[in-house]
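The following blocks contain the structures, represented as structure tokens.
Same chain, two partners: chain A is paired with chain B first, then with chain C.
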Partner chain A sequence: MSVATSMRAKRRGRPRSERFRQRFEMSVLSVPALIMFVGFVILPVFMAAYYGFYRWKGFGKPNVNGQFIGLENYHIILTDPNFQQALGHTLFIAVMSLVIQGPLAILFALLLNQKFKGRGLIRTLIFVPYVVSEVIIGTGWSLMLQPNGAVNAVMKNLGLQGVDWIANPKIAIWTLMFIISWKYIGFAVILMIAGMQAIPEELYEAARVDGAGFWRQQWSITLPLLAPTIRMWAFMSIIGSLQLFDLVYIIWGQYVSSTAGTSTMATYMVREGRLANNYGYGSAVAVVIFIISLVIALAYQRFVLNRDLAGAVEKRERKQLERRIAKRERERMERDEIEEAIAPNNASMEVATS
Partner chain B sequence: MTYTGERIERTLLFGKRKRNDPYAYRKSAKTPWGHPIVYVLSVILVLICVVPVLYIILGGFRTNSQITRDPAGLPNPWNFSNYATVVGSSTFWVELVNSLIVSIGTMVGVVVLALMVSFVIARYRFRFSRMLYTLFSAGMMFPITVAITPLYLLLRNLHLINSQLGIILPQIAFGLPQAIIILVPFLQSIPMELEEAAQLDGCSRLGFFARMVLPLSGPGVATIAILSFVASWNAYMLPLFLLNDSTKYTLPLGVQMFSSQHSVDTAQVLAFTSLSMIPALICFTIFQKKIVGGLAGAVKG
Partner chain C sequence: MKAKSVLAATVAAMTIVGVSACGGGDGTNADGKTEVVVWMNSTTGDGKKFWEDAAAAFEKEHANVDIKVEAIQNEDMDGKLQTALQDPSSAPDVFLARGGQKLRDVVEAGQVMDLTDKISDQVKTQMKTALDTTTIDGKVYGVPQAVLPGGIWYSKDLFKKAGITETPKTWDEFKTAVGKLKDAGITPIALGGKDAWPAAHWYYWFALRECSQSAFDEASSDMKFTNDCWVKAGDDVKDLLDLDGFNDGFLTTSAQQGASSSAGLLANHMAAMELMGGWEPGVVRDLTPDKKDMADLGYFTFPEMEGGEGDPTAMLAGADGMSVGAWAPQEAVDFLNFISEKEWQEKYAEAFVTIPAAKNAQSVVTNDALKQVLKVYDEASSVSLWLDTVFGQNVGNALNEGVVNMMAGKGNAEDIVKGIEAAANKG
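So, the complex of A and B:
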């Protein structure tokens, strides 16, 4: 420690060259990533905002080959019933993803966090749908869900009537929900398991000493201490749902999705922008999606995630639990001392075995 | 008899019973057999997750008439000609190579750039480094869907349409936020004393970065490497917008085009599809444990 302080003193001794060197190192290390990030992530969003004011077919420059129309694009978007439907579907998917995947993922993670032989293999297999690409999942499921596909064949063997899973507008969105949950729950389970492994084992031991059963332990220890993980997962899930594109586009094609009732904001954007060659309009849709996502994300951060950033609640909970454990430990040691005083042989044997 | 799950993976990760894995014996001896209910539930769960993927793989071993007669049946007799045709076609190999170039390029780019920036964020105490972290974590809110239309126009102006570089560069940029969020806690957890000790031994900041930080952040680096590789391997939207030339197609685009071209030949489509998922699957299976560890670090931090 004294070495460290002397180093610091030395560093203070020659401030200018040291600071200059640090600046130099920092810029060498961070400039390449910054250029990439600003160029390909931030800049396009501002470009979209600019293009959104034009009626423009995508060749040349918008202010030369296009026509400035102010907020006209936005007016059309917000009054287009197709967009309103797409927005409705997207919000439905975002909410249902949380409702369906959240509880299931926690239960699965609890199951896979038990110690048993074969756990690693099962954990790996659970993640298979998450690793396989949307295109493959989409192709596979759309073949299986055809009216004369495998799913209906299985139902027929069970004596049930087959259903048109993909084209029937009453069922299609639930089909999509099922496929989404099936595909993405693996990721939620990974996160929950990772979160559960960060919870100290002593808490459970203490709870068991207090006579808490399995479910009681999960309710009072796992769930509160998993809360930051759950909130983080929910955030990622919401953002992901708002951007949903691949699965819908692959299974429902470019045009069927709106008649089947599964269109999302992103498929609307691609259909009306890129495919219709209306780059100005497509950019405006992108801006609308961005603003909706941003508002939801900021609201979520302000009202939900904020607690993690402050971290106060969890820290307090954790501290309380730790204090309780320490107290119990003290009590046990006192008790041991008393027992030792009463029966020294017994106690020394206990020490030897432990 | 006891060679199940964790043991198999351990063998995959460390080779057979090597010194690197001192817990190999102790842990497997300690791991108890679970409650029967745990097994029943786990098996049901695994079946739900795996059966649709198995359907795709097994479907490739059937003929079209088998699939039409009994859509949910097993291959009977097994038919290897679908896989043989796909493996014998140049389309598959060209697309596989394209996918590999794009994914490895993205992976290397993400790992290198994210490590550099995370090192600045984690180890230099300046306001600038906090700003960097805020900026990159805000990037989680700029998903590729929103940027895709102007991104296409931007890359067209840079003449990067129909080129692998045109896909790699934006994918690196969009992969950075997640990678940085995962890496920073790892780098922060390296004790300051270690850095000071290295400095005393005449190691510069950058030397410390190369000799101490890189080896110690191994699990975090592995996590972001796998995640960015798999994400890039599976990416669909960006290649869909940028690639018109079918000789440049990556596998996801190839799968989609193949399935629309051979929409009558279901068995062939299934064979093509299942061959294209193998690399990502292998990659993830081997490193799954590291990913859980890496995410645990990120969640804690």
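So, the complex of A and C:
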């Protein structure tokens, strides 16, 4: 008896100290990561917001060496045609990346999901550009696409007239789109293949038994079941497009991207902030970019990704269930009312007949 | 289990301490020597060696000083300096300064030492002209090392091949020369538009020739480009474009990096000339196939514009100098005075193939093209600083980009002025 009580007491006591210890460990172990996160992510956001209210050259302190101008920086940003262009280019790249890379990646993934000789090699090859750093890719392509570079030399040998791929403002953005697609399609393909492999083979077998052809199977089985993967990839692609900086910076340099029509929000920020020594203005641009990205990301999560997020499905099912129960309840009540309404008549009819 | 979590906690705690312990440091190093950190922009070759040699020689004379020379890539210099200057403990004691608004910004933030009473007599007397570029409101904030007058650098061999016997003196002669070069199948002019300023230099020079000196100086100080001559200079740029004399894809050609850059084109005889500053012989040398001086490099000043109000001998120039941080020890100033002595100025001129700032060291210039530059420079009626340096990075970049836009067929001279005004609002 006494042994049993002491054991129970021990058992009751242990979880509490265990929980405390666990919490202690968790807090100690997460502090370094938290310091990093707060120091290098959260704090800079607030610092940028603070600097954004000043006209400041970046030397000394903004409240000493700068001048408080309230929202003036934001007013200039939103009315600056260069920023509007950069925003336009960024959105264009975000949309075109989805339009070009999405279908292509699915087709490639379909192909590479079949069994054939050399599949591993092709899978690797298509993934290689994604692994290579943007600086190397930017330098390589900008050398090849020079007016007297390799691409135009090949075209000349084929009897075609080459063009100035990167300096001509009408072509430059499409050149950029091509390089982006070439670089990032491998990533999309790998994601899609992974998504396809998670689809159970039985579904295809069943479809074949029912007489569905290849394309019919892809349309009715692969695409719907691949949807979560596609939505996730699209999210990453949009975020990548919003942040696009290195490729443009390497190929078009510090100054001519707006002339060539390939400036992005990030290159605008660096150009007007760091390169122009306007650290107050540049910080305000950073805040605007942050807000635009945040709004887009949250909207996407709320309206597109919400089906894929953990708990979303259960919540929806629970709601449906509740709705169904409520409906049944309502129907029963209605039926009762009708029955009640009918009942006296019946009774009177019964009386009448009898 | 317990030991493991204790270990993990220790590691975590140490990380926290480590993160917060970053930075710090004062003027002395472990040996108790005074440390002077120097930031310069020569990352390779003779230039880098010059700074190392100078540091070693100075340390020999001053046993208690440790000069740490750090080479920073030129295009990274401004940004790194900006960040470093936020905290004196991370900032260099001596750093590259090119005068103009850029230097003024740092001076106004109180981060540069006033050297007026600290510079040696050698600097005061022999560098008098060059010292103007680092003087702000009558006070000296830097010591120049080199004067870098601009002009057109050309390949004598290619000019000969095209049948040009005399260097062009007027704009019409220049146009004829471009035509002859094109007829001979030679790209007449190399231009590195990717860096913007090389394109803008054409505009500065046109303006210098079109504007009267007073109109030019006025715009330099108040940034109002109201005089007609600025529009005329814009028209001249259009005129130049119509010659179709630039290398293909000049808009995305860089100025100094590699053989495909504009300086590389000149160095490898792929283009006949380039409008550049006085650093050109040194830059071109590093880009020739054998990394030796370009034997047939020549120089002539910017041609005279017909009907222009500017003096045809007026020049644009830059100056490379060094400033001292407000927090730096006396030894930093001593080091600058040390390398301003005749001996080291001569070595500087040889290492960088350039014109030293000190007059008594200029006799060491042997390069033909540089001798020509010196001659023109001594006869110049006036010497103005590059406009982008005068205006600082903010307005200067807007001006440069405006010119690049115009060269790409977007906008005109009025748009340049608009861009300048818009930029002035931003900072």
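We adopt the following convention: the second predicted complex is superposed on the first by the 294 of 354 C-alpha atoms of A that agree within 3 Å, B and C clash if a C-alpha of one lies under 4 Å from a C-alpha of the other, contacts with A are read in each partner's own complex, and residues count from 1 in each chain.
One rule holds for everything that comes next: contacts are C-beta pairs under 8 Å (C-beta built on N, C-alpha and C of every residue); 3 or more make two chains touch, one makes a residue touch a chain.
These numbers come from a predicted model, not from an experiment.
After overlaying the two complexes on the shared chain, residue contacts for A:T124 are found with chain B alone; chain C is out of touch.
By the touch criterion stated above, A:Y51 is placed in contact with chain B alone, chain C being left untouched.
Taking chain A as the reference chain, the count of touched residues is higher for B when chain B and chain C are set side by side. By the document's definition of touching, of the two partners only chain B reaches A:V154; chain C does not. Look at A:D246: by the touch rule set out above, it reaches chain B but stays clear of chain C. Shared-chain residue A:D80: touches chain C; no touch with chain B.
Look at A:G213: by the touch rule set out above, it reaches neither chain B nor chain C. Looking at the shared chain after the overlay, A:P169 reaches chain C, while chain B stays out of its contact range.
In the superposition on chain A, A:P103 makes contact with neither chain B nor chain C. In the superposed pair of complexes, A:I136 makes contact with chain B only, with no contact to chain C. On chain A, the patch touched by chain B and the patch touched by chain C overlap at residues 25, 29, 32, 36, 39, 58, 143, 148, 274, 279. Residues of chain B touching chain A in their complex: 2, 4-10, 31-35, 38-39, 41-42, 45-46, 48-50, 52-53, 55-56, 59, 68, 70-72, 113-114, 116-117, 119-120, 124, 126, 128-129, 132, 135-136, 139-154, 169-170, 172-174, 176-177, 192-193, 196-197, 199-200, 205-206, 230, 233-234, 236-237, 241, 251-253, 255-256, 259, 266, 269-270, 273-274, 276-277, 280-281, 284-285, 288-289, 291-293, 295-296, 298-300.
The touching residues of chain A, when paired with chain B in their complex, are 1, 3-4, 7, 21-22, 25-26, 29-30, 32-34, 36-37, 39-45, 47-48, 51, 58, 108, 111-112, 114-129, 131-137, 139-141, 143-144, 148-154, 157, 182, 186, 190-191, 193-195, 197-198, 228-229, 232, 236, 239, 243, 245-246, 250, 266, 269-270, 273-274, 279, 282-283, 286-287, 289-290, 293-294, 297. Within the complex, the chain C residues that touch chain A are 5, 8-9, 12-13, 15-16, 19, 75, 78-79, 82, 85, 102, 105-106, 108-111, 193-196, 248-252, 254, 260, 392-394, 397-398, 400-401, 404-405, 408, 410, 422-423, 425-427.
Chain A meets chain C in the complex at residues 25, 28-29, 31-32, 35-36, 39, 55, 57-60, 65, 73, 76, 80, 142-143, 146-148, 164, 166-167, 169, 251-256, 258-260, 271-272, 274-281.
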